[in-house]
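Can you keep this structure in mind? I'll have questions shortly.
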């Protein structure tokens, strides 16, 4: 770890009169002038997105906000049952599940693409790279991040929409190209449908936007926090957590008589 | 707690082929068509914002993303020092500090305004309401949420910008009016400057947007999660957590010899 | 908030050669000489428990470790499904549910007892105090913390065991007495069985031990963290989280066709 | 992931009349009969510890409860400043920092020892194993978990105490032996003092107790939760979080004029 001499941040400061964020005056240059998504792009990259980047970045983030009753949502709702005084705690409980299994595949896909392309020559043979990536995962029996989906077995409906959008906005370059070739190589090698899922598409397009792979799961975290708040609003009106608890406990208690 | 008969959500579902969110098809009707902020509004209210609502809601959310090295940011950075494998854990640690002291004032301000106005007649005397609110807090020695600021003693620079924006977009009605009259009454009663701070302005304008008070701190939670991810990106490149730890421990260790 | 002049703690310090905790040398005076429960008592009170206190305090903590598939446990297991890299995150997700609904009743019971007794004269009429507490809750339609139980309707089997143990070890004084009189008054006023539950017994006995009410839910937090780790060990060997998710999502998806 | 047919746990159940934990009746067979540490051992292993195991397991846990103003403690205190309504949230924020950097070394040490010894023949050459472990880490430039310490450069004072205790109680076998040989090999290869630290000793002795390496950081999580509650008790009486915030922000704000 590089050691700072002094404690400093280049993101934001405030004193009695001013609040500066990325060297812009928050009240006069940001509020009312940036949408939430564009401000998120500024926070992550230090610069305002151009129109193409804005549309595509917002689309990536929007894709990750909501996917129904995921384990994260269940965890958030169950936590709220026990601690209704702390909305922030219930959201935090849900975010804690955005780890290697789910959000991690987005990070993993971006990492593979960036490791292989960031310093690669212009004339690199993408098919050869794709094949070696697939074979390497095959040999070590690891799952290739970003392809295949538990539920959407015939293809994740979000993937083609995201790729089309990226292409329309000139954000479909080598990262997207390599991701697609990985899909093709994997389907040949494994002999089955292994379509690129939404996290694979987002990992690839996020790389086109210049986002480093190690922050990629951060996009899921920020987006999903919106969805978790929405589920809490519904839970407060029409709760399901107690019902979930009762169902699970009833099943488990059947085994009690064995003891 | 009202008991559901069945486990159901009206937010989102997915099956093998489709993902529906608020009855819209995510791939074809949402991705590329909603900005992140507008989608957050849809998640919270069940409907697409009109243009005025979009601008004002995004402005509220943007205001809450970033405020430099807050206790939440410090907690996120210190957590990352110990658990760099879990970006989601470091963000969660920061969000957990968005409780009664900070985000709570936004909720508190909105609650006061909504409790007094949601069922009030058209001709209610707002000055009388404001005065009774101030006196009630005075009598029970509680702080009035949404006015006064530790740092920005001469006025929070975000407040007038937010109120102007709301007025320009026809979202400045009775809630904002009452908030301003509370400020005036409080300054008279306490005999000092007690300007409306950003959380007071957001509580009032959020009420104009129809957001229930009990979800108000959720806007802070979703917005701040963006800022916390940005601080982690910086922490990974240029860490300060170890330096903070060293400084604090050095001060504390001075007292060790007393034992 | 009282402002410290300097950053100091009186709990522990370390330098290159020594680690002191509550002015004891950790290696030579604590390790191997304190059990985990006794050390917890030292941490909370600053002194070593005597034998009676040790047995009773350990009993209180032990009571709170495990209660099967609670919402906290479900949240921990669901979080682990998404983020198996972060055991600490899965435990944290479970602890976040130990709020007002569950652990809060222990705190609430202790608070009532301590508020009414800490400065009370020796000859206070406990039955009158109990009745006024019950009537006050009745009038404001609040639940009396520490009595009644969702599941154990005929009496929580932990309660008499805890009270007997406290009595055997001379830790059954006015707090326990008042708690029992509250139970009796409540049953008379409400005309139904409202037996003291485990959290009520712990709140009362914890008060006998001199623990301040505002730390009472901390005992639940420290104890339950043990149980959550045990459930993760089982989840890693024999997972149920995916099965829970599938069951819930299947029920919710039935409603999708309505859209 | 192996798929359960049904949702079941073998840890605990409750019905209207009974609470069973590891097939023992909680009220009559556990409360008052198990200390907190012994019950934790039961939870993790499914059996009551014998006297030697009890003393040594409690010592390991006790060692991990408290180490002064660590990053975890700072995070807990800073979270409490923002959300005093949620003690559980402040503890959770601190636990989230018990990841790869700190608690991970305990897990890492135990993993190395168990991977190399669990299926090894009786006559395995421990010095050869130790040397190959050291060289492997040297070659891949990874730190050897469990040896060396930032602060206690001349030796962690907890280590010899723990090893002596384990030896006195017949819990010093091949795992401890290999750990010590790794220290010797590492000091020879790197040509400097690299003493076994407390996490290395705990990883080794925990392995002697039969605890699987992947639960080792769970012992830190359960133990540290006790320490974090104690720090919150102190923070409530004599707060330092605001002072920390002020100090850090003051340092950071110096850089503001550069913008």
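Points to keep in mind about this one:
Per-chain residue numbering starts at 1, and chain names A, B, C and D are given in the order in which the chains are listed.
The rule is short, and it goes like this: a contact is a pair of C-beta atoms (placed from the backbone, for glycine too) under 8 Å apart; a residue touches a chain by one contact, two chains touch by 3 or more.
Since we're looking at a predicted model, the values are computed, not measured.
Looking at chain C and chain D, the chains that touch each of them are A, B. Averaging C-alpha coordinates per chain and comparing to chain D, the farthest chain turns out to be B. Chain B and chain D have Cα centroids lying 37 Å from one another.
Mean C-alpha positions place chain A and chain D at a centre distance of 31 Å. In chain B, the positions touching at least two other chains are 6-10, 13-15, 68-69, 83, 85-86, 88-89, 92-93, 96-99, 103, 244, 247-248, 252. For chain A in complex with chain C, the residues that touch the partner chain are 68-72, 74-75, 78-79, 81-86, 89-90, 92-93, 96-104, 241, 244-245, 247-249, 252.
Taken in their complex, chain A has these residues touching chain D: 6-10, 13-15, 20, 23, 83, 85-86, 88-89, 92, 96, 248, 251-256, 259. The touching residues of chain B, counted against chain A in their complex, run 1-4, 6-19, 21, 26-28, 30-32, 34-40, 43-44, 55, 58-59, 61-63, 65-69, 86-89, 91-93, 95-99, 103, 151-154, 157-158, 160-162, 165, 212, 214-215, 217-219, 221-223, 225-227, 229-234, 236, 238-240, 242-244, 247.
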